[in-house]
Amino acid sequence: MDDLTKKTVKQRLASATGHLKGIERMVDEDAYCIDVIKQVQAVQAALSKVSTLILDNHLRTCVTTAIRGDEPDERERVLEEITSVFNVSSKL
Amino acid sequence: MDDLTKKTVKQRLASATGHLKGIERMVDEDAYCIDVIKQVQAVQAALSKVSTLILDNHLRTCVTTAIRGDEPDERERVLEEITSVFNVSSKL
Amino acid sequence: MDDLTKKTVKQRLASATGHLKGIERMVDEDAYCIDVIKQVQAVQAALSKVSTLILDNHLRTCVTTAIRGDEPDERERVLEEITSVFNVSSKL
Amino acid sequence: MDDLTKKTVKQRLASATGHLKGIERMVDEDAYCIDVIKQVQAVQAALSKVSTLILDNHLRTCVTTAIRGDEPDERERVLEEITSVFNVSSKL
(Lines give C-alpha, C1' and ligand atoms only; values in the text may rest on other atoms or scores of the structure.)
Protein backbone atom coordinates (compact mmCIF):
# COMPACT_ATOMS: atom_id res chain seq x y z
CA MET A 1 0.00 0.00 0.00
CA ASP A 2 1.39 3.45 -0.80
CA ASP A 3 1.71 5.93 2.08
CA LEU A 4 -1.32 8.03 1.21
CA THR A 5 -3.60 4.99 0.87
CA LYS A 6 -2.21 3.57 4.10
CA LYS A 7 -2.92 6.81 5.95
CA THR A 8 -6.45 7.09 4.53
CA VAL A 9 -7.24 3.42 5.23
CA LYS A 10 -6.02 3.73 8.83
CA GLN A 11 -8.08 6.88 9.39
CA ARG A 12 -11.21 5.24 8.03
CA LEU A 13 -10.68 2.08 10.06
CA ALA A 14 -10.21 4.20 13.20
CA SER A 15 -13.37 6.11 12.34
CA ALA A 16 -15.31 2.84 11.88
CA THR A 17 -13.98 1.61 15.24
CA GLY A 18 -15.19 4.81 16.91
CA HIS A 19 -18.56 4.43 15.18
CA LEU A 20 -18.92 0.85 16.49
CA LYS A 21 -18.14 1.97 20.05
CA GLY A 22 -20.83 4.61 19.69
CA ILE A 23 -23.26 1.88 18.60
CA GLU A 24 -22.36 -0.18 21.68
CA ARG A 25 -23.29 2.83 23.82
CA MET A 26 -26.58 3.19 21.89
CA VAL A 27 -27.39 -0.43 22.72
CA ASP A 28 -26.50 0.16 26.39
CA GLU A 29 -28.82 3.14 26.49
CA ASP A 30 -31.67 1.14 24.91
CA ALA A 31 -31.75 3.08 21.65
CA TYR A 32 -34.52 2.17 19.20
CA CYS A 33 -33.62 -1.04 17.31
CA ILE A 34 -34.10 0.45 13.85
CA ASP A 35 -31.76 3.34 14.71
CA VAL A 36 -29.13 0.83 15.82
CA ILE A 37 -29.53 -1.20 12.60
CA LYS A 38 -29.15 1.97 10.50
CA GLN A 39 -25.90 2.83 12.27
CA VAL A 40 -24.58 -0.73 11.78
CA GLN A 41 -25.45 -0.46 8.08
CA ALA A 42 -23.57 2.87 7.90
CA VAL A 43 -20.44 1.17 9.26
CA GLN A 44 -20.85 -1.63 6.69
CA ALA A 45 -21.05 0.94 3.89
CA ALA A 46 -17.94 2.73 5.22
CA LEU A 47 -16.05 -0.59 5.29
CA SER A 48 -17.07 -1.28 1.68
CA LYS A 49 -15.41 1.97 0.71
CA VAL A 50 -12.25 0.96 2.59
CA SER A 51 -12.13 -2.33 0.64
CA THR A 52 -12.59 -0.51 -2.67
CA LEU A 53 -9.80 1.91 -1.75
CA ILE A 54 -7.37 -0.90 -0.90
CA LEU A 55 -8.30 -2.83 -4.03
CA ASP A 56 -7.73 0.21 -6.20
CA ASN A 57 -4.25 0.67 -4.74
CA HIS A 58 -3.52 -3.06 -5.02
CA LEU A 59 -4.43 -3.09 -8.72
CA ARG A 60 -2.05 -0.20 -9.42
CA THR A 61 0.86 -1.74 -7.50
CA CYS A 62 1.10 -5.52 -6.88
CA VAL A 63 -1.27 -6.57 -9.68
CA THR A 64 0.38 -4.34 -12.27
CA THR A 65 3.85 -5.58 -11.22
CA ALA A 66 2.77 -9.23 -11.36
CA ILE A 67 1.08 -8.89 -14.75
CA ARG A 68 4.06 -7.09 -16.25
CA GLY A 69 6.39 -9.67 -14.70
CA ASP A 70 7.62 -12.95 -16.14
CA GLU A 71 6.07 -15.46 -13.76
CA PRO A 72 2.85 -16.97 -15.10
CA ASP A 73 2.04 -18.55 -11.71
CA GLU A 74 2.29 -15.19 -9.98
CA ARG A 75 0.05 -13.55 -12.61
CA GLU A 76 -2.47 -16.34 -12.20
CA ARG A 77 -2.40 -15.97 -8.42
CA VAL A 78 -3.06 -12.20 -8.37
CA LEU A 79 -5.89 -12.52 -10.90
CA GLU A 80 -7.55 -15.29 -8.93
CA GLU A 81 -7.37 -13.15 -5.82
CA ILE A 82 -9.20 -10.29 -7.53
CA THR A 83 -11.96 -12.63 -8.69
CA SER A 84 -12.17 -14.07 -5.19
CA VAL A 85 -12.62 -10.75 -3.37
CA PHE A 86 -15.09 -9.62 -6.06
CA ASN A 87 -17.07 -12.79 -5.49
CA VAL A 88 -17.15 -12.28 -1.72
CA SER A 89 -18.06 -8.60 -2.07
CA SER A 90 -21.14 -9.50 -4.09
CA LYS A 91 -22.26 -11.71 -1.18
CA LEU A 92 -21.95 -9.07 1.55
CA MET B 1 -34.17 -5.22 22.87
CA ASP B 2 -34.53 -8.06 25.35
CA ASP B 3 -31.60 -8.71 27.72
CA LEU B 4 -30.21 -11.75 25.92
CA THR B 5 -30.24 -10.00 22.51
CA LYS B 6 -28.66 -6.91 24.07
CA LYS B 7 -25.86 -8.98 25.61
CA THR B 8 -25.20 -10.88 22.37
CA VAL B 9 -25.30 -7.71 20.25
CA LYS B 10 -22.86 -5.93 22.58
CA GLN B 11 -20.47 -8.90 22.55
CA ARG B 12 -20.52 -9.05 18.76
CA LEU B 13 -20.01 -5.31 18.39
CA ALA B 14 -17.06 -5.49 20.82
CA SER B 15 -15.65 -8.39 18.83
CA ALA B 16 -16.01 -6.43 15.55
CA THR B 17 -14.26 -3.45 17.19
CA GLY B 18 -11.37 -5.70 18.24
CA HIS B 19 -11.25 -7.15 14.73
CA LEU B 20 -11.02 -3.65 13.20
CA LYS B 21 -8.17 -2.71 15.55
CA GLY B 22 -6.36 -5.86 14.44
CA ILE B 23 -6.86 -4.78 10.82
CA GLU B 24 -5.36 -1.35 11.62
CA ARG B 25 -2.29 -3.16 12.96
CA MET B 26 -2.13 -5.29 9.80
CA VAL B 27 -2.08 -2.10 7.71
CA ASP B 28 0.65 -0.64 9.96
CA GLU B 29 2.74 -3.74 9.48
CA ASP B 30 2.26 -3.63 5.68
CA ALA B 31 0.20 -6.79 5.43
CA TYR B 32 -0.71 -7.99 1.93
CA CYS B 33 -3.63 -5.92 0.54
CA ILE B 34 -5.79 -8.91 -0.31
CA ASP B 35 -5.42 -10.26 3.24
CA VAL B 36 -6.53 -6.87 4.59
CA ILE B 37 -9.55 -6.80 2.25
CA LYS B 38 -10.55 -10.32 3.34
CA GLN B 39 -10.46 -9.28 7.00
CA VAL B 40 -12.53 -6.16 6.25
CA GLN B 41 -15.07 -8.36 4.44
CA ALA B 42 -15.17 -10.69 7.47
CA VAL B 43 -16.11 -7.73 9.70
CA GLN B 44 -18.82 -6.70 7.21
CA ALA B 45 -20.27 -10.23 7.31
CA ALA B 46 -20.21 -10.20 11.13
CA LEU B 47 -22.04 -6.85 11.16
CA SER B 48 -24.70 -8.25 8.80
CA LYS B 49 -25.38 -10.95 11.37
CA VAL B 50 -25.69 -8.31 14.10
CA SER B 51 -28.30 -6.44 12.01
CA THR B 52 -30.27 -9.64 11.40
CA LEU B 53 -30.20 -10.43 15.12
CA ILE B 54 -31.50 -6.99 16.08
CA LEU B 55 -34.18 -7.09 13.37
CA ASP B 56 -35.37 -10.49 14.55
CA ASN B 57 -35.76 -9.19 18.10
CA HIS B 58 -37.41 -5.99 16.87
CA LEU B 59 -40.02 -7.95 14.88
CA ARG B 60 -40.94 -10.01 17.96
CA THR B 61 -41.25 -7.00 20.25
CA CYS B 62 -41.94 -3.49 18.89
CA VAL B 63 -43.37 -4.58 15.55
CA THR B 64 -45.67 -7.18 17.08
CA THR B 65 -46.87 -4.67 19.70
CA ALA B 66 -47.51 -1.99 17.06
CA ILE B 67 -49.35 -4.33 14.71
CA ARG B 68 -51.55 -5.70 17.51
CA GLY B 69 -52.17 -2.15 18.74
CA ASP B 70 -54.89 0.29 17.77
CA GLU B 71 -52.89 3.03 16.12
CA PRO B 72 -52.83 2.77 12.31
CA ASP B 73 -50.10 5.44 12.03
CA GLU B 74 -47.84 3.53 14.38
CA ARG B 75 -48.43 0.28 12.43
CA GLU B 76 -47.64 2.06 9.18
CA ARG B 77 -44.47 3.54 10.66
CA VAL B 78 -43.01 0.23 11.90
CA LEU B 79 -43.78 -1.50 8.59
CA GLU B 80 -42.15 1.25 6.58
CA GLU B 81 -39.06 0.98 8.76
CA ILE B 82 -38.73 -2.75 8.02
CA THR B 83 -38.99 -2.11 4.28
CA SER B 84 -36.43 0.66 4.60
CA VAL B 85 -33.75 -1.40 6.39
CA PHE B 86 -34.42 -4.31 3.99
CA ASN B 87 -33.88 -1.95 1.08
CA VAL B 88 -30.59 -0.65 2.50
CA SER B 89 -29.37 -4.16 3.35
CA SER B 90 -29.76 -5.22 -0.27
CA LYS B 91 -27.46 -2.33 -1.23
CA LEU B 92 -24.62 -3.21 1.13
CA MET C 1 -50.37 -9.67 -3.24
CA ASP C 2 -52.87 -6.91 -3.95
CA ASP C 3 -53.75 -6.20 -7.59
CA LEU C 4 -51.63 -3.07 -7.97
CA THR C 5 -48.53 -4.72 -6.51
CA LYS C 6 -49.11 -7.79 -8.69
CA LYS C 7 -49.35 -5.66 -11.81
CA THR C 8 -46.23 -3.65 -10.94
CA VAL C 9 -44.24 -6.77 -10.01
CA LYS C 10 -45.21 -8.50 -13.26
CA GLN C 11 -44.25 -5.45 -15.32
CA ARG C 12 -40.87 -5.21 -13.63
CA LEU C 13 -40.18 -8.92 -14.02
CA ALA C 14 -41.07 -8.68 -17.72
CA SER C 15 -38.77 -5.68 -18.03
CA ALA C 16 -35.92 -7.59 -16.33
CA THR C 17 -36.52 -10.52 -18.69
CA GLY C 18 -36.27 -8.19 -21.70
CA HIS C 19 -33.13 -6.66 -20.24
CA LEU C 20 -31.51 -10.11 -19.85
CA LYS C 21 -32.34 -10.99 -23.46
CA GLY C 22 -30.68 -7.75 -24.53
CA ILE C 23 -27.60 -8.77 -22.53
CA GLU C 24 -27.53 -12.16 -24.31
CA ARG C 25 -27.46 -10.28 -27.61
CA MET C 26 -24.63 -8.05 -26.32
CA VAL C 27 -22.62 -11.20 -25.52
CA ASP C 28 -23.38 -12.59 -28.99
CA GLU C 29 -22.14 -9.40 -30.58
CA ASP C 30 -18.94 -9.47 -28.49
CA ALA C 31 -19.73 -6.36 -26.46
CA TYR C 32 -17.03 -5.13 -24.08
CA CYS C 33 -16.99 -7.29 -20.90
CA ILE C 34 -17.29 -4.36 -18.49
CA ASP C 35 -20.38 -3.08 -20.36
CA VAL C 36 -21.94 -6.54 -20.04
CA ILE C 37 -21.16 -6.67 -16.29
CA LYS C 38 -22.71 -3.23 -15.79
CA GLN C 39 -25.93 -4.34 -17.49
CA VAL C 40 -26.03 -7.53 -15.41
CA GLN C 41 -25.60 -5.38 -12.27
CA ALA C 42 -28.45 -3.13 -13.44
CA VAL C 43 -30.76 -6.17 -13.65
CA GLN C 44 -29.67 -7.24 -10.16
CA ALA C 45 -30.52 -3.78 -8.80
CA ALA C 46 -33.92 -3.90 -10.53
CA LEU C 47 -34.62 -7.31 -8.99
CA SER C 48 -33.73 -5.97 -5.52
CA LYS C 49 -36.43 -3.36 -5.98
CA VAL C 50 -38.93 -6.07 -6.97
CA SER C 51 -38.12 -7.99 -3.75
CA THR C 52 -38.55 -4.86 -1.64
CA LEU C 53 -41.89 -4.13 -3.30
CA ILE C 54 -43.19 -7.65 -2.64
CA LEU C 55 -41.93 -7.59 0.95
CA ASP C 56 -43.64 -4.26 1.58
CA ASN C 57 -46.95 -5.66 0.35
CA HIS C 58 -46.45 -8.90 2.29
CA LEU C 59 -45.88 -6.99 5.56
CA ARG C 60 -49.13 -5.05 5.09
CA THR C 61 -51.21 -8.13 4.29
CA CYS C 62 -50.15 -11.63 5.41
CA VAL C 63 -47.80 -10.51 8.20
CA THR C 64 -50.29 -8.03 9.65
CA THR C 65 -53.06 -10.65 9.53
CA ALA C 66 -50.88 -13.29 11.18
CA ILE C 67 -49.66 -10.97 13.94
CA ARG C 68 -53.18 -9.77 14.72
CA GLY C 69 -54.41 -13.37 14.64
CA ASP C 70 -54.63 -15.88 17.46
CA GLU C 71 -52.16 -18.50 16.31
CA PRO C 72 -48.72 -18.13 17.94
CA ASP C 73 -47.18 -20.69 15.53
CA GLU C 74 -48.38 -18.74 12.53
CA ARG C 75 -47.01 -15.47 13.99
CA GLU C 76 -43.68 -17.15 14.66
CA ARG C 77 -43.57 -18.54 11.13
CA VAL C 78 -44.17 -15.21 9.35
CA LEU C 79 -41.61 -13.42 11.53
CA GLU C 80 -38.97 -16.08 10.88
CA GLU C 81 -39.60 -15.72 7.16
CA ILE C 82 -38.93 -11.97 7.28
CA THR C 83 -35.66 -12.53 9.14
CA SER C 84 -34.72 -15.20 6.63
CA VAL C 85 -35.24 -13.08 3.49
CA PHE C 86 -33.49 -10.15 5.21
CA ASN C 87 -30.54 -12.42 5.96
CA VAL C 88 -30.34 -13.63 2.34
CA SER C 89 -30.70 -10.09 0.96
CA SER C 90 -27.66 -8.96 2.92
CA LYS C 91 -25.67 -11.73 1.22
CA LEU C 92 -26.60 -10.82 -2.36
CA MET D 1 -14.67 -13.05 -24.06
CA ASP D 2 -13.22 -16.42 -25.06
CA ASP D 3 -15.57 -18.95 -26.66
CA LEU D 4 -16.04 -21.15 -23.61
CA THR D 5 -16.85 -18.19 -21.34
CA LYS D 6 -19.21 -16.79 -23.97
CA LYS D 7 -21.06 -20.11 -24.22
CA THR D 8 -21.30 -20.49 -20.44
CA VAL D 9 -22.42 -16.88 -19.94
CA LYS D 10 -25.11 -17.22 -22.62
CA GLN D 11 -26.40 -20.45 -21.10
CA ARG D 12 -26.60 -18.90 -17.65
CA LEU D 13 -28.33 -15.77 -18.93
CA ALA D 14 -30.87 -17.95 -20.78
CA SER D 15 -31.40 -19.95 -17.62
CA ALA D 16 -31.96 -16.74 -15.58
CA THR D 17 -34.44 -15.55 -18.22
CA GLY D 18 -36.35 -18.83 -17.93
CA HIS D 19 -36.28 -18.54 -14.16
CA LEU D 20 -37.75 -15.01 -14.31
CA LYS D 21 -40.55 -16.18 -16.59
CA GLY D 22 -41.33 -18.92 -14.09
CA ILE D 23 -41.51 -16.25 -11.36
CA GLU D 24 -43.96 -14.22 -13.47
CA ARG D 25 -46.18 -17.31 -13.64
CA MET D 26 -45.88 -17.77 -9.85
CA VAL D 27 -47.11 -14.19 -9.40
CA ASP D 28 -49.98 -14.84 -11.81
CA GLU D 29 -50.99 -17.90 -9.86
CA ASP D 30 -50.87 -15.96 -6.56
CA ALA D 31 -47.92 -17.83 -5.10
CA TYR D 32 -46.96 -17.00 -1.53
CA CYS D 33 -44.99 -13.70 -1.42
CA ILE D 34 -42.03 -15.13 0.49
CA ASP D 35 -41.67 -17.94 -2.06
CA VAL D 36 -41.62 -15.35 -4.85
CA ILE D 37 -38.97 -13.27 -3.02
CA LYS D 38 -36.80 -16.38 -2.52
CA GLN D 39 -36.93 -17.15 -6.24
CA VAL D 40 -36.06 -13.53 -7.13
CA GLN D 41 -33.09 -13.74 -4.73
CA ALA D 42 -32.00 -17.00 -6.41
CA VAL D 43 -31.91 -15.21 -9.79
CA GLN D 44 -29.88 -12.37 -8.22
CA ALA D 45 -27.35 -14.89 -6.87
CA ALA D 46 -27.13 -16.57 -10.29
CA LEU D 47 -26.49 -13.19 -11.94
CA SER D 48 -23.70 -12.45 -9.42
CA LYS D 49 -22.00 -15.63 -10.58
CA VAL D 50 -22.34 -14.53 -14.21
CA SER D 51 -20.65 -11.20 -13.38
CA THR D 52 -17.80 -12.95 -11.57
CA LEU D 53 -17.31 -15.28 -14.54
CA ILE D 54 -17.13 -12.41 -17.02
CA LEU D 55 -14.80 -10.42 -14.76
CA ASP D 56 -12.48 -13.40 -14.40
CA ASN D 57 -12.26 -13.74 -18.18
CA HIS D 58 -11.85 -10.00 -18.62
CA LEU D 59 -8.89 -9.91 -16.19
CA ARG D 60 -7.12 -12.69 -18.10
CA THR D 61 -7.64 -11.07 -21.50
CA CYS D 62 -8.23 -7.33 -21.88
CA VAL D 63 -6.79 -6.30 -18.51
CA THR D 64 -3.66 -8.40 -18.92
CA THR D 65 -3.13 -7.06 -22.45
CA ALA D 66 -3.62 -3.45 -21.34
CA ILE D 67 -1.31 -3.77 -18.34
CA ARG D 68 1.42 -5.42 -20.41
CA GLY D 69 0.95 -2.80 -23.12
CA ASP D 70 2.64 0.54 -23.53
CA GLU D 71 -0.27 2.93 -23.11
CA PRO D 72 -0.54 4.36 -19.58
CA ASP D 73 -3.99 5.82 -20.29
CA GLU D 74 -5.31 2.45 -21.38
CA ARG D 75 -3.86 0.79 -18.25
CA GLU D 76 -5.42 3.46 -16.07
CA ARG D 77 -8.79 3.00 -17.80
CA VAL D 78 -8.99 -0.78 -17.34
CA LEU D 79 -7.96 -0.52 -13.68
CA GLU D 80 -10.55 2.15 -12.97
CA GLU D 81 -13.21 -0.05 -14.55
CA ILE D 82 -12.35 -2.95 -12.23
CA THR D 83 -12.60 -0.69 -9.18
CA SER D 84 -15.89 0.66 -10.49
CA VAL D 85 -17.61 -2.73 -10.98
CA PHE D 86 -16.22 -3.88 -7.61
CA ASN D 87 -17.71 -0.80 -6.00
CA VAL D 88 -21.13 -1.42 -7.59
CA SER D 89 -21.06 -5.12 -6.70
CA SER D 90 -20.64 -4.28 -3.04
CA LYS D 91 -23.82 -2.19 -3.25
CA LEU D 92 -26.02 -4.88 -4.75
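Each chain gets a letter, A, B, C and D, in the order it is written, and its residues are counted from 1.
In the analysis below, a contact is a pair of C-beta atoms (placed from the backbone, for glycine too) under 8 Å apart; a residue touches a chain by one contact, two chains touch by 3 or more.
Just so it is clear, the structure is predicted and the values come from calculations on it, not from any experiment.
Listed here as common contacts of chain A and chain C: B, D.
Comparing each option in A-C, B-C or B-D with A-D by residue number, the pair that reproduces over half of the contacts is B-C.
We define each chain's centre as the mean of its Cα atoms; on that basis chain B and chain C are separated by 21 Å. Chain B and chain D have Cα centroids lying 27 Å from one another. Work out the mean CA point of chain A and of chain B, and you get 17 Å between them.
Chain C has residues 48, 51, 55, 85, 89-92 in contact with two or more other chains.
Viewed as a network of touching protein chains, the structure reduces to a complete graph with every chain in contact with every other. The part of chain B that touches chain A in the complex is made up of residues 1, 6, 9-10, 13-14, 16-17, 20-21, 23-24, 27-28, 30, 32-34, 36-38, 40-41, 43-45, 47-48, 50-51, 54-55, 57-58, 61-62, 81, 84-85, 88-89, 92. Listing the residues of chain B that touch chain C in their complex gives 48, 51-52, 55-56, 59-60, 63-64, 67-68, 75, 79, 82-83, 85-87, 89-92. Interface residues of chain B facing chain D in the complex, by the touch rule stated above, are 90-92.
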